[in-house]
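Here the chain labels run A, B, C, D, E and F in written order, and each chain numbers its own residues starting at 1.
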Amino acid sequence: MDNLLTLWNASGLAQIAPGQVFMILIGLGLLFLAIRKGFEPLLLVPIGFGGILANIPGAGLAYSAVDNALQAADPAQLAELARVLGVSVESGSKALLAAYDASGAATHLAIQQWAQDAGYSNGMLYNFYSVAIASGVAPLVIFMGVGAMTDFGPLLANPRTLFLGAAAQFGIFATVLGAVGLTSLGVMDFSIADAAAIGIIGGADGPTAIYVSSILAPDLLGAIAVAAYSYMALVPMIQPPIMRALTTEAERKIEMVQLRHVSRREKIVFPLVLLILVALLLPDAAPLLGMFCFGNLMKECGVVDRLSDTAQNALINITTIFLGLSVGSKLVADKFLDINTLGILGLGIVAFAIGTASGVLIAKLMNRFGSTPLNPLIGSAGVSAVPMAARVSNKVGLEANPHNFLLMHAMGPNVAGVIGSAVAAGVMISLVGG
Amino acid sequence: MDNLLTLWNASGLAQIAPGQVFMILIGLGLLFLAIRKGFEPLLLVPIGFGGILANIPGAGLAYSAVDNALQAADPAQLAELARVLGVSVESGSKALLAAYDASGAATHLAIQQWAQDAGYSNGMLYNFYSVAIASGVAPLVIFMGVGAMTDFGPLLANPRTLFLGAAAQFGIFATVLGAVGLTSLGVMDFSIADAAAIGIIGGADGPTAIYVSSILAPDLLGAIAVAAYSYMALVPMIQPPIMRALTTEAERKIEMVQLRHVSRREKIVFPLVLLILVALLLPDAAPLLGMFCFGNLMKECGVVDRLSDTAQNALINITTIFLGLSVGSKLVADKFLDINTLGILGLGIVAFAIGTASGVLIAKLMNRFGSTPLNPLIGSAGVSAVPMAARVSNKVGLEANPHNFLLMHAMGPNVAGVIGSAVAAGVMISLVGG
Amino acid sequence: MDNLLTLWNASGLAQIAPGQVFMILIGLGLLFLAIRKGFEPLLLVPIGFGGILANIPGAGLAYSAVDNALQAADPAQLAELARVLGVSVESGSKALLAAYDASGAATHLAIQQWAQDAGYSNGMLYNFYSVAIASGVAPLVIFMGVGAMTDFGPLLANPRTLFLGAAAQFGIFATVLGAVGLTSLGVMDFSIADAAAIGIIGGADGPTAIYVSSILAPDLLGAIAVAAYSYMALVPMIQPPIMRALTTEAERKIEMVQLRHVSRREKIVFPLVLLILVALLLPDAAPLLGMFCFGNLMKECGVVDRLSDTAQNALINITTIFLGLSVGSKLVADKFLDINTLGILGLGIVAFAIGTASGVLIAKLMNRFGSTPLNPLIGSAGVSAVPMAARVSNKVGLEANPHNFLLMHAMGPNVAGVIGSAVAAGVMISLVGG
Amino acid sequence: MAQGVELMVFGMGTVVAFLALLVVATTVMSSLVGRYFPEPHKPSPSRPQPAPGAVQDDAELVAAISAALHQHRRKK
Amino acid sequence: MAQGVELMVFGMGTVVAFLALLVVATTVMSSLVGRYFPEPHKPSPSRPQPAPGAVQDDAELVAAISAALHQHRRKK
Amino acid sequence: MAQGVELMVFGMGTVVAFLALLVVATTVMSSLVGRYFPEPHKPSPSRPQPAPGAVQDDAELVAAISAALHQHRRKK
């Protein structure tokens, strides 16, 4: 009978909370969008599945040993814990957790040892998160793989398009301002670090967003990553109306001169030039852009093809699996279901829209004052979301002029946008994270 | 001359113990079975090789820094250690080790620091074991890969065969009873947790067995893993006599109706249904079955083929190499050579036999009371040992009726057996590990 | 304005030191040699790039949290640190670092916690180094992969060539003597452990050199690894003059009898024979040679091709990427720019030359006293540098006799040299590291 | 001993109950999918046409093809 | 709020300044490479001939080819 | 200095002794294998027939083939 009770108490049905049911439905929804609608499936399948796993009642997969101990501990154990933390046990488990978070590394270690001695252990997803994201390694490895898949040829043929990659990052900073503004109006409650991490959604670059939030706002990481990847998938819906509204039919018809041939040697030297500039000017962007340049150099140099192939395949795939499950661990109900999440989702789409608009407007300006014709539609590709945004530019361009193929021209601002948001990330970490 | 002495003292010949010679021979025997006889070579080659490495005298590859320090320490160091542990140094190194094992996490850390300061370090295989098995990650990653290789089509076409996968798990629980019984008779000395871990051998599923013993009985892990994989390889010898003894010639001739076509959508939804049931009823099975369902969903959803391919190839292969070597580290002589190991090997084969018999008998029952004909030979496939057990069903069926291909029909209970033993693992961890 | 100052102070330009500029140029030089000249690009591309990353001013990518804290800490923090370490704060940060290095594991932990609480964290490359090299795992995994790519057929067909693999290791020990001699003359300042690690450069085997220096002389690892791989790439320039000087035209013309067919079974048993010998005689070489034999057994046994393929491709490639970046982290200016580095580079090339000469001379001796003809040119292949050294033997042989293909004959001493230097590594660790 | 019997009863009971529930759930799921979401027409086994309007990641496709070609060229 | 404005001004300024510098650096680099290190002749896109005297790693090539053949044989 | 000489003598001695023993062991092994376990007949270099009665893992074979086909189809 006792065993039956043990089994029942251990079952999910006996422990389930409404928030968990809701989050499992969110997880299923993400899987539906990824599988049926093709929304960034490589990330949203693992994230959605990880979100379901994180909310299995009683399994504690997304919690650390200390979290699990706090949720299950008996009064005697809690009293012992409160004594170590130097707070009163009557203040409740929320206060205990806050005291734990605020304590130093030595107290952390002591309480981890206490939880371990009491028989609690880290959940599977918590371990994945610690290894893949808290250490920072997974976004960096993905950036290396992306670098090894990136062709800077179109950018090198027309370096001016780097300005479009800069312009589109305005979405990031406008959103930071928005988040700070909402906080000062009392609608939301974001610190400046939170605001910076939320802004990066506008960079339209998943690993950059994850990297920055893992440093500046780990609690918001789940919502930020979900927003970033969802909106990246929605680029074909978000961007075209904005692009059409801000351009005239005549501008959309502009044909651009064919790109010059770029030599292999330029492609080999470019990542080194970029690296040196980063080294001299913005060391805080060095991990992200360093790994990106390293991947690109491995691809272009032509003498380490086995390493480049692995960076583009086995290594990035393995990392993506664990990165996705780890992000999913942040979809645990008691941390995700929060008014701030709605704020993040709202601000994220604003960031995308502003970034798109800025790119198009600066492209118009450059067309007006430059010597060679420049179709403003390629400005929207500056948000990154490689290669979706470039394809959107191409598609909208074809509507206006069926013989106008903008794809290659849009790849320049598109990869410039990756560099631009990594630079923005470095600035944020430098100004806010220090 | 001193150097010559140092070299001689450091050599294996000067330090070798008879147990180590014996275990090296066991390792060579496993390699022979794997390479020459084809016994589960993917696991038994690394396990056998790891077993040899673990028993290299003087290398201490399978020992932690603390183990190595205890074996090599001079009297002054031991006295210091005994002081920290609060026991008398006269009680000997066995007692010191026991006191260390019984102490809390803080004492563990202090003694690890002591060993490190004294110049000792963890052996290579000990590190592999910590990362791959003690953390739980390797069996889970293998389960994900197995999920990505599993086709639930035959099971979905005939869901009743899930009962056969349940029936065959009787071998697990009968063996637990046997282990407890042998202990109460004083023949063996197994705790209830040990008994549960040993029983899982009857689940005929290597990663499940390793996962459960890493939690419930780490000391027995080597023997349990070796038994599990050896008997899985022996399925074509163990099962047929039992199957023939329990069925009539007429039963073995039964032809089954062809399986219906299963749609891709069913295959996509099934892992989610299974996951939700696990979440609601048995959270302790969530890590194993969650990763299994995740692998299967990646395979079936068709939009993340690069991840699925990696899970089935590079990732599972890398994990298998280190899992095998890590299991080998548990074949170290002073832990493996024990009367309990013989008990485990004996109980393991009993578990297999009982599981096979239960599957066949329940299949006979279902055939008698069901509406559609069911050949009892597919019952034995419920033990899992995918796909060997299903092929055995097919082969024994062909002996009785050369036109009767049971392979696809037996794949249903076969994969059901994987689910069944993972559920049994969850129950064990829930009832015994808590 | 404060922000502008923050950004400027955080920039590389404001913090750059001449040593960093110099090391970045060295990194670019290594990349040039690797990409344009084809010098061991698989290692020198990651090492060179890692070297640049390590010297980005202000990024601290190659430093631990404690290093970073020491460089940035304010006086109050330093005073606190000095108190914990029990030294006077006036003695300066060099003395603080030395006190830290000399302190025990408990003090290390306390100071790491202090640095963490003060907001400092480990640099990316420091983390890579800890995981890949300080743990010892990366060189071992690479050795496994090399084992899985090695064909012992030529060696088994003519086991006498093992003597050539032994002879060429004389370069290692002569160099140790040289390093000790230079120190006793006061020219350099190498401990006996340093000298042993430097000598291993003469083994012409990258992972062995990295493994040994990670244990015996971590501070010299960068210079030793760069020297080892550079000289391996220079083998076609270093060896031929020595080979021609030590042999007569007649000797270089000697044709050797065709190698006998070696059966698969011999190839399967050989790694086990080698492993048993290692186990009995030199346990300190067990990690390196054990993983090497394991890789070779996986390749030859023919039943675990998926594991062998992974060991030769995805796994070795992933490991090479992180090993290279980690070695690069040791090219950080304040550790690399040292008179000792020049000593290492000089001693390394001496080691190569002596090893080559010893191999050729012993080959001449064996030709004089043996019954079957032996071309002394294959002696130089005993340094390892697989397969370059064997190809050099072939090329020099063809110059003398255009119908004389020595390649397969030279592969015997070539792989023997790998075994020989791993044995030498074991001896060093046993005699010096204990 | 009693503990062993208990473990057997409850353990085996849970396994059977769980798999019985899974039989029910699977059967219900299959009939729901068959009724409300039948397969539109015979899809190719593992490369379904993307849903209309679905987003496809060309860059990766291009990367995959170029990697394949590359490897093919290397293999020659 | 002031903090947000500052972050926007300095952040956006840095991004624009950095990418402007990159435009300059890239343009200079391309013209230098084009003038002093022009491509000798049309190279195959991703498998350049090794520079004369360059070292090539045959063992890996052999390993790669044998692995490819092997896999090819397995795939049949 | 003395330490260096010692290291050289003992180190080089051990290397030579070890490899000499390996020569002996290898020679003995080869002759034993040649005499008592000769190869039955010429096997294909890297895909030996499995020993009679040996177990083969079909599921993985199927998985491997389907993955190969799949990839092949993708490569087209």
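We take it that a contact is a pair of C-beta atoms (placed from the backbone, for glycine too) under 8 Å apart; a residue touches a chain by one contact, two chains touch by 3 or more.
The chain list, named the UniProt way, goes like this: A, B, C = Oxaloacetate decarboxylase beta chain.
The structure presented is a predicted model; accordingly, all values stated were derived computationally and were not measured.
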item: Path length in the contact graph (chain C to chain D, fewest steps); value: 2
item: Relative to chain B, chain with the most remote C-alpha centre; value: E
item: Inter-chain centre distance, chain D versus chain E - centres from mean C-alpha coordinates, in Å; value: 38
item: Distance from the mean Cα position of chain E to that of chain B, given in whole angstrom; value: 46
item: Intercentroid distance (Cα basis), chain F paired with chain B, Å; value: 27
item: For chain A paired with chain B, centre-to-centre distance based on mean C-alpha positions, whole Å; value: 38
item: Shared-contact residues (touching 2 or more other chains) in chain E; value: 7, 10, 14, 46-47, 60, 64, 70-71, 74
item: Residues of chain C whose C-beta touches two or more other chains; value: 3, 7, 38, 42, 281-282, 302, 305-306, 309, 313-314, 427, 431
item: Interface residues, chain E side, partner chain A - complex; value: 1, 3-5, 7-8, 10-12, 14-16, 18-23, 25-27, 29-30, 33-34, 37-39, 43, 46-48, 60, 64
item: Chain A-facing residues of chain B, complex; value: 104-106, 109, 135-137, 140, 144, 268, 272, 275-276, 278-284, 286-287, 290, 293-294, 297-298, 301-304, 306-307, 309-311, 314-315, 427, 430-431, 434
item: Of all residues in chain B, those that touch chain C in their complex; value: 3, 6-7, 10-13, 15-16, 24, 28, 31, 34-35, 38, 41-42, 45-46, 49, 52-53, 55-59, 61, 110, 112-114, 116-117, 124, 127, 313-314, 317-318, 320-321, 325
item: Residue numbers on chain A that touch chain E, as the complex places them; value: 155-156, 159-160, 162-163, 165-166, 169-170, 172-174, 176-177, 179-181, 184, 192, 195-196, 262-266, 269-270, 273-274, 277, 281-282, 302, 305-306, 416, 419-420, 423-424, 427-428, 431-432
